[in-house]
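Before we start, here is the structure in question, set down as structure tokens.
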């Protein structure tokens, strides 16, 4: 099964490039997403055997993130059908500076979307550090053209920053990989591969100074891709300039993939008995990210950048949770799920708002409840979910992490965490409330009925996180627990 | 062994040359020279082996780093408008001085780190580290977008150099890493082309519309 | 006696070097060129002429060339020959040699400033600036040569050849010394000795006001200085100490010829660098010297 899994989006992508007509190509996009999701879910029923000589191998951790990526992709691809139909081809005018621009050809966009999924599949479905690296670099390369869908100056600037910062960051991660193999160097019995299956049992005998150096480089390298402060500069730019469905994929799936890279390194450190070292660094980066996000969220005038900084915050929470360890690791896994679902939904909704108002400013996009009632309701619900109000899932996961922090005696971290969350709540509430209420700007055309394809995918995602807030199914708990155990026990 | 030393000293010179060069076309030629030297490294360090892994790796590196990258860069360069000179934020002599300082630091670091005995030939670690240094210096201390690409390449070359003595088992993975970097440079080249068209310059100092 | 052979050879043969350089350049350009011994003829002619001295000039103008020539002669005394150590040799004598050359330059600069001509002042300032940049490079390469030398003097440091098998960086030293040679002796690509435009001259513009025997001193001093640096470069490479005296002399003279021809070739194929680029050339040479030193010490 693993043999086929990355091939489905890959071949579909190549096919999409060849298809001349828009309709079948959009159908192909959704179909590939659905097949991918079906195969991913089938992996729960029949745990797949390693493929390609052990290069691809699915464990609980990978399965968790793979499922998230696949779900998000299906939601985004359904949304894309409506979005692409609405966008159309031909020259357009930039609503910000009035310059003329065109969109990227739709078939290139579709192909990159599918290749992006293929790359993420490889990242999730491997336990080999080299393959992981290749996959993460491939996600950067396949997603860069997605950010540059609207071919104007600002998106180009964002794409360039994304390419350079992430490529250099990932190059540092490659250095981390090499340092890992230095740590495991043993002329008597050399490592045959960078697979965790081979490395984990030998981790106890690895050289500690090199493990430390390797972890730092991997953390900084993949951390810059994950958007941990202070390496997050590309993230708000890329998320605000790309089409909303791409932002949803970036935030909901791509950041997780980079996080997975860090988790693999943490697994090795734990197996070597150095989990505390990695944990402390993760806590540090997590708190810095939360603090940075809080500072930039307050007074943020651009609602897509607002969501992007919120992603920085939640990546910080993930790092913090894993760094604290114990019950917080489970909390972090749950949080990853909830954040992906919620942030994916929020970005898709922000796309609806942008399509009507033609502005990303919270001050100009007003009267949402009059113009787009369903979207307004979803926007409110999404806001409540993302800031961690009950009954949504993020409340549960944030609470789990807080409990573990208090139980572990991390008083300072817990205080900082609560203060940052409170500041972010207030900082996000102001613009969201302003957008929901108020008069409709006169320049905005009266919208017709809201498109089904533009509200149903976010609705379903939000419903899923609502369910996770009320009741976590047995199967999900099992998966999360296995994933958490893999990280905190180094399995 | 002696061969390796000559290659490594040449690589260190190339790394310093990156920082002192003022013309873009010379910069692309330097990447070609570095690629050539790197292509010789697996053969020099690993020596002949029964599976001829070192040979495959050498050929791959030669094809991608010594021919592919310089060709891509030269092609990109020929399409760009404006003066083909490097525009520094940090002056050339200062950059060179910082490069020498980086070399000194990495030589010092080599004496301090507990290397597994027999893994790295002498001077390989400092050569790799200075390559990473000068690459990163090109990324942050030069104005033009294409110098950032070259800097990324130089840093990546340094990392590759560090990986050469460790590349025993999985040559194909090494090659796929190379291929990934090649595609990265290709994509960056396309982006550069668009930047040149849209901004009528490739000065990253003009990227100022996105900020908080 | 043996020790003085090299000094005598230098004093006699030095004016031949500009002749050979000129001949190489002429051949490269497809001309016949002036006689090899032209510098000797020039010197003989200049010695016989009278001196014209500006009314505004003081004794410095007259003293400059003499001091300059004497200082170069002192520096030569410190340089070992191919078959023998230098007549005067002590620990740290390379400092004295460098500063003798410095004194020689200082005397010329003061003489140039003494004339009060703005062109000469400009030339003097350029000469001072470039030599100030070349000096650290020269010292760095002396340090590289000093590593592992039996004694820290020119006689101890030179003539041992490129020691050590694992030392590719030692190959840089002759290259760096060659660049210093070009700078110190005002050759292309730093300065063009044959230019006719005062604005672009460096060394030549400095000595415009000298005539007669004074000019002869300057020309002869320049030839000796060229010999000094060429010998330095050759002795840094060739292991003449390990050869028999005759073979050593033969190798040394062949090396000198090679360096001279190399200067001629460089002058034929290169253009003068823009004034702003010269510091970069020397900066590069300095970086190379630093690199060589670091690698040599570190091993």
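By letter and in written order, the chains are A, B and C; residue numbering begins at 1 in each of them.
Definition applied: a residue touches a chain if its C-beta (ideal position, glycine included) is under 8 Å from a C-beta of that chain, and two chains touch if they have at least 3 such contacts.
These are the chains along with the protein names UniProt gives them: A = NADH dehydrogenase FAD-containing subunit; B = Hydrogenase-4 component E; C = Hydrogenase.
The shown structure was predicted, so the numbers you read here are calculated from the model rather than taken from an experiment.
Out of every possible chain pairing, which has the most C-beta contacts?
Greatest count of contact pairs is found between chains A-B.
Would you identify the chain whose C-alpha centroid lies closest to the centroid of all protein C-alpha atoms displayed?
B
What is the distance, in whole Å, between the centres of chain B and chain C, each centre taken as the mean of its C-alpha atoms?
Comparing mean C-alpha positions, chain C is 38 Å from chain B.
With chain centres taken as the means of their Cα atoms, state the distance from chain A to chain C in Å.
Inter-chain centre distance comes to 67 Å.
What whole-Å value do you get for the distance between chain A and chain B if each is reduced to the mean of its CA atoms?
Between these chains, centre-to-centre, one finds 30 Å.
Okay, in this complex, where on chain A does chain B touch?
Residues 128, 130-131, 133-134, 137-138, 140-141, 144-145, 148, 151-154, 156-161, 163-164, 167-168, 171, 174-175, 178, 181-182, 185-187, 190-194, 207, 209, 236-237, 240-241, 296, 300, 305 of chain A touch chain B in their complex.
Any idea which chain B residues touch chain A in the complex?
Per the stated touch rule, the residues are 113-116, 118-119, 132, 136, 139, 145, 148, 152, 155-156, 159, 162-163, 166, 168-170, 173, 176-177, 180-181, 183-184, 187-188, 191, 194-195, 198-199, 204, 207, 209-210, 212.
Applying the document's contact rule, which stretches of chain C touch chain B when the two form their complex?
Contacts found on chain C: 165-166, 168-169, 279-280, 283-284, 287-288, 290-291, 294-295, 298-299.
For the complex, which residues does chain B have touching chain C?
Going by the criterion above, the answer is residues 2, 5-6, 9-10, 12-13, 16, 20, 22, 92-93, 96-97, 99-100, 103-104, 107, 122-123.
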